[in-house]
């Protein structure tokens, strides 16, 4: 899964720390894998908000000067990979507004499914939107609410929206965390130097030497202010639906879920994959970097030697200029190269975590064959991705998902591989050791836990 | 060996290809690991040279517009990590001049040891230098020569210089490759679309779909022009002295040396290391990315499980801003993170390819211990680095090399590791399967094959 | 009046011309004197708006590439010098929104006096503002209106606002010009290549080879669309109040008002000033460039020789760095220099169009004296500026206006001049040859034709 | 003479002032009219040179940060408009080198006529040039000299060059001023805060509050160091040849020459022109800004009213984008506009200081006629420019000079003017009140005081 199509967003919030902006910056840096398109930090001092946003990477956007323009001891941050709204600076988050009740900033991870209809209604009543993000809908709903306290206005707004959302909100005197009733996207609560922190993943705590307290619960609102921390319930749902793809691909491998690292979970996927889809071979190689952990598990379980047969180029830039007399597989070649003497004459098992369009996998199979591989057995550490995600993972439309068009045999033919096999859904959950009923598996099963409007094009 | 101290330079040359600039660009991209400070390409059309240089990475410097300003079918390129001359754009190579006999551009990988005295003599005679690179000395010597043909002028110039140099030279009608008599730095000859190519490593050929022909020999001058290819001998030396560190660290793992990939050679170092320095342990982990291949070999040979216990952050930027309330091991932590459940309660073997100052290794040992490692056994896949390099590898002065100050036991104490062991010099060459007498091992042995001026501070 | 404090804004609109963006660009270039802080152009093609804005000068912001991103045959533009709203890109105009009824862009010259109270009311009802400009208030009022047609919604909105406004509005199929009922700011209608053009001044027509048709009338709405041109009346007022300062300073000297150029009008001010305030002297010099035309008139009428005794530096940059050992009158000196032999031993009449704070004038008087002037008689071609403007001219608060604190004698003492005299209000209007009752003279008389809210700080 | 073709260069030098860089910066700012292409300052502290150069205007290049990187109490500066060497940053001056005897920087105003042959000889001997400026020849000659002291090496170098040069040179302990034996370009000596200053014109002293001491004499070398000031003679020539065009156009109007301002001299040209070429007319207008002073003189002498009939746009940018349906005289129109009511129905005398190609003048004549001028009498305050300059004024080749192709009548026909007349050579020198034999008048007379190599294309 070389293609950069599954990233989503990362959020962070800090309350009461004298270096709120710097901690937010480091937290975002640790969450960079969740979005590389844009990043932003908002802090608050004396009821005034300070905003810095930019396109690109956290380490490039936030210079010393830039952080110096972010005073105050409360702040929130966001890294974004656009899944809704086009890729413009004006869509960079956190979204900041001044409305009748004061300043407000919101950072959102996830995707709403009814934002279009709500937006349309609000516009008819005279609201003017400044961005095309679904997040702005939430803000307008808050501004429209006639409730007295901020949290009540927030709850009234949330009652109208449907979809996946982990929110971190900054008001002039509080930081608030919200997780949608299904808990689709992660959000955790921790502490650093005695101050509360909200973040998408535990890896953000590691870098700033914080400690993990607990997950924000599905449907929970956590309000952090000068009175301490308070928890309110949005409303309850019978079941939760945590995104299984967070474990398969999105999360950083050192982040902790259900008391295990994503690394350990993914390696277990690989072991289970070896059990389910064993094959005679000389060498196991990962598709870097997405297949690495499953490949280690597969190699260990199967006893076949693990090698890094594909080398990733560390200096990949944004674009590459190709000669007119074009180079075969140019797009993949500038990123990866085959180590020939590791592959030549070998029966190769190539592991990846998923197959989306299949085009990159096909090029890799060919590159291995050209390098002299006798056989290429592709193994995938998750079930076939048949359905698109509407909850924040940037998958393509259904017709572009190869597994929605072909059987496993058909895909194998398309790839030109010797054999192809996927991890079963049962195998997947056996590895997770946590009830399947708690997860969203829509991309494999087509069972969407949060109802979609009928106009959604699947 | 996390620290970026050993890179040197990479060179490329193309003769007679309609897309000379684009091939040079892709070649430099593949050689980017040899220097990330600056890059430059010079092409020639109708006796006029065209130059584009910049600070930073190849993929950032050379845009479509930039390449369009480089017409012509012959060209040379250079990526640089400064080992001589300070890090300024004016020192970026290729160095281009117009002298009495026409335009000339030179790209240089290596380091001269007598450039100061030659420069001083030339300046006394009225020459004016525009850069502080030792490469410019070669150009002034060429300009001063009274010989008729260019190659004779070049040879006269080379007779006066001592040190390590692999040169690619562009004149208005030829591309010339030169390798010093000891062959310290690599330089290979290949072909692409029927045109000759010179490059530092074979990996540059892979990306542009070229084929490897042979190494340029130590002391050889290869002249490529409209008459085809011609070879001349500079003068012979009894022995060659190829830099062993090219195999240990510098070269890209998929480049071929003596018919084997650097990957295979490094893995064999790891196997030999396991044979020489076996230890009871639960897990073998590499220091990413320098220890990866040796760690794979070590794990395979020892039968101990291989894990990626240290995760590298893929989004490392140029600088990081630290909070005032400083974070332990901040500099290392922004680059690496420990995967705790892979390490906790384990006896760990940590593999790296070398230890220079020892400060990073010490931090990693502590990080592993803090993550719950029961024992940390450090293993190094080369002998202790005791002496600095004067031939183009950017090692620090002797006093900063930890192995020049302490015994192996002393270093182990400094690192705080449970045990420490290095690969022996014999083991190293057993793995290479190519006579030790052909290599420069000065950094391990202090035996410098090319005599150093007495003022060199070792 | 060297200080750059009186500029305001310039607007332009083009309907139905294949090169709408280019004409808008040239029109704005000709209107650049009305605002140098930011500029913007919005065009419309197939119901979609295209926007380009930037900080700085028109000629720097709009490159060939930039104009190529502005397709369509209708467009509007704006140059801005902030009189309301702080100086940020987000406040650059035209302001563009997408609201329920489609896209909309508005360019505004002038200043509203009741925007705060309207904004506050709208925010209480849930509107969220994206800028701090008073122009955005108009847009929200339009978006809130329940009327059917756009012009009816616009009229409903305009009924709620008070102040000075010349608007050029772009909808997906029309360009609309509006002038407030008092006609405080100018707005003219012209034609180029058979297409209608709206602009702040006639000089915009000259550059694009257009022809002047007529002024947009006070209180008139001019709608230009595929049906041609239509005029509607906002509502009538008994009297108009065209800003007299447009004639004294703001407008470009070659723009036409009441069938005369501002040049001719200003020269007549100078002649009248000579009649009213004659003095024995050797030389008449202008404060460049503001006093030039009045000085020419003064010299002609008085028969005293006209000289350019103060030379303006043509290369004045944004900021200047002063030595620590500071230079007297540094800020003025980097802009102007005295030509000594024109001044030495002379009785000098120095002419300017107005005096605001008096600090610059005082420095100039001293510079002339230091250069050897025997006497310095300051003459001002308008009455004393005693009251601030609230209708779009960026005058300082009353307490900073020197004429609000001192009598003419007091000002003369402050300046250190030999004598000081102003043009009388009667003399001013005698020169204009157009009834005094048609003008706003609030800055001289304190009679504000549009009622100010009581909280305005005069 | 709207076209920017006559600018040349400006130089400045400061010795012993704690704010040397800031004074150099302000001096260059005052000399900006002598060159707007690039600027540079070099200072020296503890034998080390510090350099800052850039393309563009002084006020844009030298920020506070930039000046902070220029420590030391001695420095020199240069503004450049390329007359020799193409317009690249590498040609920006001062040219700085490190040669055997230490660091050296040279700033040059003027043009050498034998630089090609000297350069060619030096290159044959092995010198390598880094720029294409003729100034670098001087530096190589200095570096080649075997003389002991710097001044002797400098004199040996100067003996080999021919042409026009006013030099300001920086060594590690001195600032040196040199003026060629003919004194073609100006160079003056002054003092500020007790420290010596060298500059191209007196206007540089005015801004920094310095006092004028005397001109550097033709053929003089002025050495300023810790011993004070010393003067040496290069060698004497029978006659000097100060460029008459400095008085006509190049110099800033407030600079002093022969105890009079350029302003006064130019106005006298205008008076004399009126005496020689009287005509019945209603109005005298200058071509802005070059004809301003002569027009004032002409109006005064003739008694005809002076008007600014052409208004210059103050915001002219680097380039302008023209509509496809092109605008007549677009290039001139974006810079100038006619004030119609000043011109309509009038007999106009239009004054300029010279006519080069005639194309701009022709457009202006047409613009005036289109605006309703009954007659357009062009008057030029210098004789016809028939021959190109080889001493540093950037005139075009002879064939492009309209006066070399046509008689005065022929030019008048080309311009479409009613009449045309030039100031006579005798009239010119009558106005200067300083012997004609002291000036270079080659551009009018073809008598080149410094012999040109035969290959010069006149």
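Every chain is named by a letter (A, B, C and D) in the order it is written, and numbering of its residues begins at 1.
Basically, a residue touches a chain if its C-beta (ideal position, glycine included) is under 8 Å from a C-beta of that chain, and two chains touch if they have at least 3 such contacts.
Keep in mind the model is a prediction, meaning the values are calculated, not measured.
Asks: Common contacts of chain A and chain B?
Replies: Touching chain A and chain B alike: no chains returned.
Asks: Farthest from chain B in C-alpha centre terms, which chain would that be?
Replies: C
Asks: Roughly how far is chain C from chain D, going centre to centre by Cα mean, in whole Å?
Replies: 37
Asks: Using CA atom averages as chain centres, what separation in Å is found between chain B and chain D?
Replies: 52
Asks: Please report how many Å separate the Cα centroid of chain A from that of chain D, as a whole number.
Replies: 64
Asks: Please set out, as single numbers or ranges, the residues of chain C touching at least two other chains.
Replies: none
Asks: Which two-chain combinations touch?
Replies: Applying the touch rule to all chain pairs gives A-B, A-C, B-D, C-D.
Asks: With touch defined as at the start, can you tell me which chain B residues reach chain A in the complex?
Replies: Residues 19, 22-23, 25-26, 29-30, 32-33, 36, 57-60, 62-64, 67, 193, 203, 206-209, 252-254, 260-261, 263-264, 289, 292-293, 296, 300, 305-308, 311, 313-325, 327-328, 333-334, 337-342.
Asks: Can you list the residues on chain A that touch chain C in the complex?
Replies: So the residues of chain A in touch with chain C come to 97-100, 120, 123-124, 126-130, 139-140, 143-145.
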